[in-house]
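To start, the structure itself, in C-alpha cells.
The letters A, B, C and D name the chains in turn, as written, and every chain counts its residues from 1.
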Amino acid sequence: MRTWTLLALALSGLLIAGEQSAVHAADKDMLVIALDTLGAQVMDPIMDTRAPHAHYQAPIWDSLVGFDLENGGIGPGVAERWQLAADGQSWTFYLRKGQRFHNGDPVTAQDVKFSLERVMSPESISSGAAALRRAVDRIEVVDDLTVRAYTKGVIPQFAASLSRAVFMEGSVMPKKYIETVGAKGFRDKPIGSGPWKFVRSVPGDRIEYEAVTYPHWRGTPQFKRLTLLLVPEQSTRLAMVRTGEAAIASIGPEAVKEARAGGMKIVSVPGTMQAVYQFWGLYRPEAKASPLNDVRVREALSLAIDRQQIIDHVMGKEARWPMPFAAFKYSSDMTIPRWEDWSRAALRYDPARAKQLLAEAGHPNGFTMTFWNTALPGTPFMVPIGEAVAGFWEKIGVKVEMKTVEWGAFDPMGRGEQKGLVGTASMYRTAGRPEPIPRYATTFVSKGVQHVFGDPQNCPALCVDADKAYEAIVAERDDARRTAATNRMIELVARSWIAVPIVEGMGTWAVNPKNVGYFKPIPGRHEFGDVAERMPRPDQKPWP
Amino acid sequence: MARVEERIDVELAAATAADDASRPRGDFARLPWGSFVIIAVLILVAVLAPLIAPHSPTEQSLPDKLLPPAWEAGGSTKHLLGTDVLGRDVLSRLVYGARVSLIVAAVALLAGGGIGLAVGIVSGYVGGRTDSFLMRTVDATLTFPTILIALLLAVSLGPGLGTIAIAITVLIWARFARVVRGEVLAVKARDFVALARVHGCSHLRIMAVHIVPNVLNTFMVLLTLHIGFVIIVEASLSFLGAGIPPPTPSWGQMVSDGRNHIASAWWLSVVPGAAIMLVVLAFNLFGDWLRDWLDPRLRQV
Amino acid sequence: MQRFVVRRLAQSVLLLFVLALVVFALARVSGNPADLLLREDATQEDRAHLLKALGLDRPVHEQLYLFLAGALRGDLGESIRYRKPATEVFFERLPNTLRLLPLAMVGALAVAIPLGVLAAVYRGTIVDRISGAIAVLGIATPSFWLGIVLIYVFSIKLGLLPSSRMGGPSHYVLPTITLGLFLVAGMMRLVRSSLLEVMGSEFVKLARLKGLSQTVVIWKHCLRNALIPVTTLFGVYFALLITGAIVTETVFAWPGVGRLTYEAVIFRDYPLLQAVILLKAIIVLGVNLGVDIVYAYLDPRVRYA
Amino acid sequence: MAAGAPVVLEVRDLRAYLYTRWGVVRAVDGVSFALREGETLGLVGESGCGKTMTGLSLVRLLPEPAGRIVDGQILLEGEDLVTKSEPEMRHVRGRRVSMILQDPQTSLNPVFTIGDQILEALRQRRADGERSLVAQAEDALRRVKVAAPEQRMRAYPHQMSGGMKQRVVGAIAVAGEPRVLIADEPTTALDVTIQLQYLALLKEIQARTRLAMLFITHDFGIVARMCDRVAVMYAGRIVETGPTRALFRAPRHPYTEALMASVPRMEGTVTRLPSIEGQPPPLHELPAGCRFADRCAYVDERCRREYPPTMTVGPAHEAACWRIERSPSSR
C-alpha cells in the first residue's frame, strides 16, 4: 500500500516539474493585465469576431484609422489623414512615413490593399467583414504611401469603420510575409507594425508580447514585456491585482467596493456601453391588446425608474446618467447639449407622474408584463440592472414576470420572427460608438435585424417615419443638415419610449499602483490593447 | 465472465451502501434528535415561508444595500441577517430559498432516484448483456457535463426550477442506478430468491415482492445522503450562470452571488453556506441512523 | 484477461457511437454558434455567409455523416471558435488537467485512508467525530466558494501562496485542496465503513490469534481488503472529476479540459463540444477498465477468465 | 491422561460481560475449571450458553468495545492473563495459547496466499533459524496431512476445500507450539467423514506436543471420542464437571441428565427422543436462584431462591445442584 501511494506521488511530481516557468510577480519589466476573456485567442485579425480581439490583437497590429486619444472617436492611424472624394464614391488614405513591420519590411499601400481584401475574403469570419464587403467596390494603390477605396454609394462613416474606435476592422497586415509563410505560418508567428511583438500564446492561459526597441507613433512602451492573462473568475482577477501578480484586472461595478477596500486604484472608462431596455414586436397583431401599446404606459415605465439609485448602488457610482438611445457625450452628428438637457428632464424619476399616466391609460392598479433579463458578453452587470428595473416597476404596481436567460439562448430569439419576444420587454445594450445612426438602423429601421417599429410586411406610421428619417441621414452629405436629420431620428425614437436607455456603463479596471504608473484610458474604448504602450512605470508617474 | 462483473458490483454495492454505513455494532445508536429538529425546522420554514419571512424576498431598497447583520456595526434589526447588493433582506431570501432548494432537491431526487432505482433493478435482475450495456451508459453519463443539459433545457423549456431539477436528475440517476444494481445482485444471490423461483413465482412478482423491499433501505439512505449533493450541484450551476434564475431566491444562487464580496460583505455567502452545511449535516446523520434502523441484520444483534 | 478486455472495448465502442449521436443532437438544439459570432447589425445575408464559412449551412444529416466519417478517421472537425482541429485544442489543454487531477486524487487518498482508518479504529471517540465533521464539510461546501475563500485567506491576507494559474509547485496547493476536499469526504467515509465491515470478520480474529499487533492486523490484513471498494470509487470519482473540474479550473484560471467543456457549451462550438465529450468518455472508460484490472490485482477471488 | 499431570491452565470464577444496547449480557458469569497438560477438557452446552465467550476470554479477544472481563483470574502456568497488558498478551497468543475458530470459510484472509499466512505465524515464534521458514511452513502443512505443500503454499483460500482450509488453520494454530489449544467447534462446519479425520489429527498433534486442549462443542459424540473430562455449561455457568465416563454413566445435575437422555443410543429401541421443554433464560435478565429451575424436573422452592454451591459428587466430579444435598447417593 505504501509503495503504491509513493509511486503515484512521484509520477505527479514529474508532471509538475515538466511545465514551463511561470510569470514571476516580482518582475519589474513585465506589465501583466488580467482579462476575463481572450476571445478565440487566434493571432489573425480576420479570425476573431467579438470585442476581446481588440485586447490581444491591438498590441501587434495597427489600424488604418487610429484614435482621438483625448475625447474618444477616430484620429490619425497608419494613415495620417484621409479624404472623401468630391463625388463621395471613394476615400483616399495618405500613409504615415517610415512605419515598419516587426520583421523589418516597410508598411506600404500594397499592405493596406492586401489587408482590406483579406478581411473581405470568403474565409474571413471577423464581424466587420460583412459590412466591409457591402461597402467596398474596389481598392486601388495610388503610390507607395497612398491608397484609394471606392465605395458602393456614399458611406459617410466608412473611414471610421476602419478604426478600432468604431468597429474592429482596419488592421494592417504584412502582405509579403503572409504570402511567403501562408495563413498557418502567419498565425503561428504573427507579424504586425504595432508597438508590441508577439512572443508566445499559451491557449486558454496567456499571451506574451515584447516591446519594440524603436519609438512608435502610438507611444513607445515603458515596459519591456506585456502579458495578457485569461482569468475567468472576477474574484480571482481581483485577488491577483491585490497580491501584485497582475498590475491591472478588468472588474465589474459590483467589485469596485471590494477593490477599493483592498487599496486598489479604480480606472473607469466612460461611455463604453449603454444599458437599455426595449419592447419587441408591439406593432404585431398578436400584441395589439397589450397595455404596452399605449405610449403613456411606456413613458410611465421609464419615469418609474430611479436611475440615480441604480448608478449609486447597483453600479457602485461607476456609471453615468445616460444620453438618448445609443448616444454618448463623444457622439458625432448630433447636438450634444440639447440631448443632455433632454435626458435630464425626460429620464427623471417621477413615480407619481408614472402612476398618474398608468391611471390615464386605464391601468390604475397596474398590469402584468414579461421582462427578459440577460447580459451580453463582457457586461455581466446588466442582470442586476434588470432586476433593479423590475423592482422599480413592481413599486408602481406593474406585475413583472422576469425570465433571466443566458445570452446564447436569448440572442437567437431576437432574430427571425422573434416569436418568443413579441409583446415583451427585454434588457439590451448599445456599444460605445461615436456614430449612433448605424445602431439606430439595426433596431428601428424596418429592414434592420431587430425592427422594433415594424417589419417590411407590416410597417405602421412610426416605422415608415423611422425609415424615411434614416434614409435622409444616410443620403445627406452636408454635415449641418445631417446633424438636423440625426436629431430628428433621435427625437422620433425618444418620444416612442420603445427603446429606453437606463444608465451609461463604464469599463472598470482595478489597478495596483505599485505595478503600473498613472495612465488615462481612451474614452469609449473598454479595451487596453491601444493603451498599454502609454502606461508608465510606477516610479515614473505615481498615482495622485 | 458476467459472474466476475457481478463480483465487482456486489463489492461496490456493499461498499457504497456501506459507504456511509457505520455499522455501529453494539454501539448505542441513539435517535439523532439533532437532525430530526433541523429537518423539521427546515420543512416548517419552507412551508410557512410567507409567514416567517419579515420582507418579500424580491423587495428591493437600493439605499440600504449591503447592510451587515444586525449584531455587527451598521447593521439594523430591520434586516437581522443584513441585505444584499440590491438591498433585499437576506433572511427573507434564506427562508424562501429553503423552499426552492427543497423543491429542486425533492424533484431531482425522486425523479433521478426513481429512474435510477428502476434501471438498477432491471439491470441487476436481468443481468447479462443489457446489464453491462446499462452500466456502460452509467459510466458515460457521469462524463456528461451537467452544464450542457442545464443550458440546453433553459433554451428549450425556458429557465426555471423545473429545468434545474431535470438537469440534476440526469446526473443523479446514474449514481443511484449503479448502487441499486449492486444491491440487487447481492439480494439475488441470496437463497430466498432461488426459493421463490422454485415455487414458480413470475419474475415480476419476485422483483416486486423480494427484490424491491430489500433494496429499499439502501435507496432511502442514498436519498438522504444525496440531498447535500443536489444543493451543491445547484450552487455550482449558479456559479456557472446556469442555476436557478433571479429573482427566485435559492441558496446556491446566493452563495454564488456572494462570492464577489467575500471581504466587504462576508454574510452574503457565509449565511446561505452555513444553511447548506447545516442541512447536509442533518440529512447525513439522519441517513446514518435510517440505515441502521432499516438494516435487518443489525436489528437483533 | 484478454477476452474480458476485448469484450469491454467492444461495449465501449458501441456506447461511444450512441454518445456521439446524443451529443450531436443536444449541441444543435442548444443554439447556433453563428448567432453568437454575428454583430447586432448583421443582415441575413451576413448570417448565410458565416454559416457557409463554418460549414453549418449543410443539411443536418450531411453534417452528421461528415462528423461520424471524420470520427472514424480520428478527425473530429475544426473548432468554430479556435479555428483549429478540435482534437488539437483538446490535447493542448489535457496535460493541464492531468497535472491537477491525479495530484488531487492521490492527495485525497493520502489523507482519506489514514483518517478513515483512525475513524474506524477509534470509532465513537473524538477522532471519529472530527473525521465525520471533515466528511460533512467536504460534501457540503461548494468547491467554488472554498476556492475563493482559500485565495482570500492564503494569497491576499497571508500572501503565502500565489492566487491562481499554473506555475511552480506552490501554484498547485490551493487547487488541489479545493478539488481534493470533496474526494476526501467520500473516500474517508468509504474507507471507514468498509474497514469496520472487515474488522468484524473471522480472519481478523485469526490474525490476532497469531499474536500480531493491532496496527499490523489493521494496516496489513484489514486495509488490504477494505481498499477493494475504494478502487472502484476511484474510477467513479475520476469520471466525476474530469467534468467537475470546471468550477475549480474557472476559479484558479487553470486552462484545463473542464473549462474547455464550459467554453464549448457557452459558445455552442459544436465540433469542439463533440470532441471534448467523446474524448473525455474514452478517457473515463479507459480509466474504469484500468480500475477493474487493479481490482483483480487487489482481490484474487476476481481473476478474469 | 493420568490425573496427576501438572495443571497448565486454571480459571477461577471468571466473569465476562457484553455491554449492549439492550443491557448487560452476562455471557460468562463465574466460570471455574482447570486444564492439565496433555488433557482434553470438553466444554459443552446449548448454543448461547457462553462457551464461545469463555474461549475468547482466555485469549482476551472478546468483541470490542462491548465485551469486557469484569472479574476472576485466568492462570496460565501461574501467570494471570486478565491483568496482562495488550503487548504482553501478544506474546501469549500463538506462542502459549492458541485457538481454532469454527468456520474455515472465513478464518483465512482471502487476499493472502496460504504460504503468507503460515509464514506470518512462524515469524511470531522465536525463529530457531536452522531451517528456512518456508521449509518449516511446508513441514507444518505436512504434519496436518496437506498433500503437495509446495504448491498449496501459493494457493489462495478460495482455491481450497473447507476441510483443507481447517487443516491450514490447525497448522497455523500449532505453529507456535502453544501450551494450550482452544478448539471452538472446529468440525461443525465440516461434513462427517472430514470431521473424523480432523479429530484424529488433533489427537495426534496433542500426543506429539503434549498440549492441553479445551474442546468447545455441543456434540456429545465428539465429547465421548475426544475428551478426557467434561464441563457442562448452562446460562453462563458450569453446572457439572467430571471425567467423561462418569458423566455419561452417572450424570448428577438434572440438566446433564436431560442432555444425556436426549442423545440417541445405539443399544435398545427408542421411539421418541425426549427433549427439554422451554428455553435457557436470556443472559441479560438472569433469575436469582438456579438458572435451570424453570426447566428442571426436581425444582423446589430453594432452587428458585438460592444458587446452589458446587459440591463434590465423586473423584474429580462436581455438580452445583440442591438435589445432590437432598439425596447424596441417588445412583
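Things to note:
The working rule: contacts are C-beta pairs under 8 Å (C-beta built on N, C-alpha and C of every residue); 3 or more make two chains touch, one makes a residue touch a chain.
Keep in mind that this is a model prediction, so the values were computed, not measured.
With centres taken as mean C-alpha coordinates, the chain found closest to the middle of all protein C-alpha atoms is C. Ranked by distance of CA centroids from subunit D, the top chain is A. In this assembly, the C-alpha centroid of subunit B lies 51 Å from the C-alpha centroid of subunit D.
Separating the CA-averaged centres of subunit A and subunit C is a span of 37 Å. One inter-chain figure worth recording: subunit A and subunit D are separated by 89 Å, centre to centre, where each centre is the mean of the chain's CA atoms. Each chain gets a centre from the mean of its Cα atoms; for subunit B and subunit C, those two points are 20 Å apart. Shared contact sites, meaning residues of subunit B that touch two or more other chains, fall at 25, 27, 151, 155, 259, 262-263. Multi-chain contact residues of subunit A, defined as those touching 2 or more other chains: 235, 262, 406, 408-409. Among the residues of subunit C, those in touch with two or more other chains are 30-31, 123-124, 144, 148, 152, 156, 224, 250, 266, 299, 301. By the touch rule above, subunit A contacts subunit B in their complex via residues 234-235, 238, 252, 254-255, 257-258, 261-262, 306, 309-310, 312-314, 373, 383-384, 387-388, 390-391, 394, 402-406, 408-409. Subunit C makes touch with subunit D in their complex at residues 123-124, 201-203, 205-214, 221, 224-225, 298-301. Subunit B makes touch with subunit A in their complex at residues 58-60, 62-63, 65-66, 85-87, 151, 154-155, 158-159, 241-242, 245-247, 259-264.
Taken in their complex, subunit C has these residues touching subunit B: 3-4, 7, 11-12, 14-16, 18-19, 26-27, 29-31, 123-124, 135-137, 139-145, 148-149, 152, 156, 186, 189-190, 192-194, 196-197, 200, 228-230, 232-233, 236, 239-240, 242-244, 246-247, 250, 261-262, 265-266, 273, 277, 280-281, 284-285, 288, 292, 295, 299, 301-305. Within the complex formed with subunit A, the residues of subunit C that make contact are 30-32, 35-43, 45-47, 49-50, 53-54, 81-84, 89, 92-93, 95-96, 98-99, 102-103, 106, 109-110, 113, 144, 148, 151-152, 155-156, 159, 162-169, 171-172, 219, 223-224, 227, 250-253, 255, 259-260, 263, 266-268.
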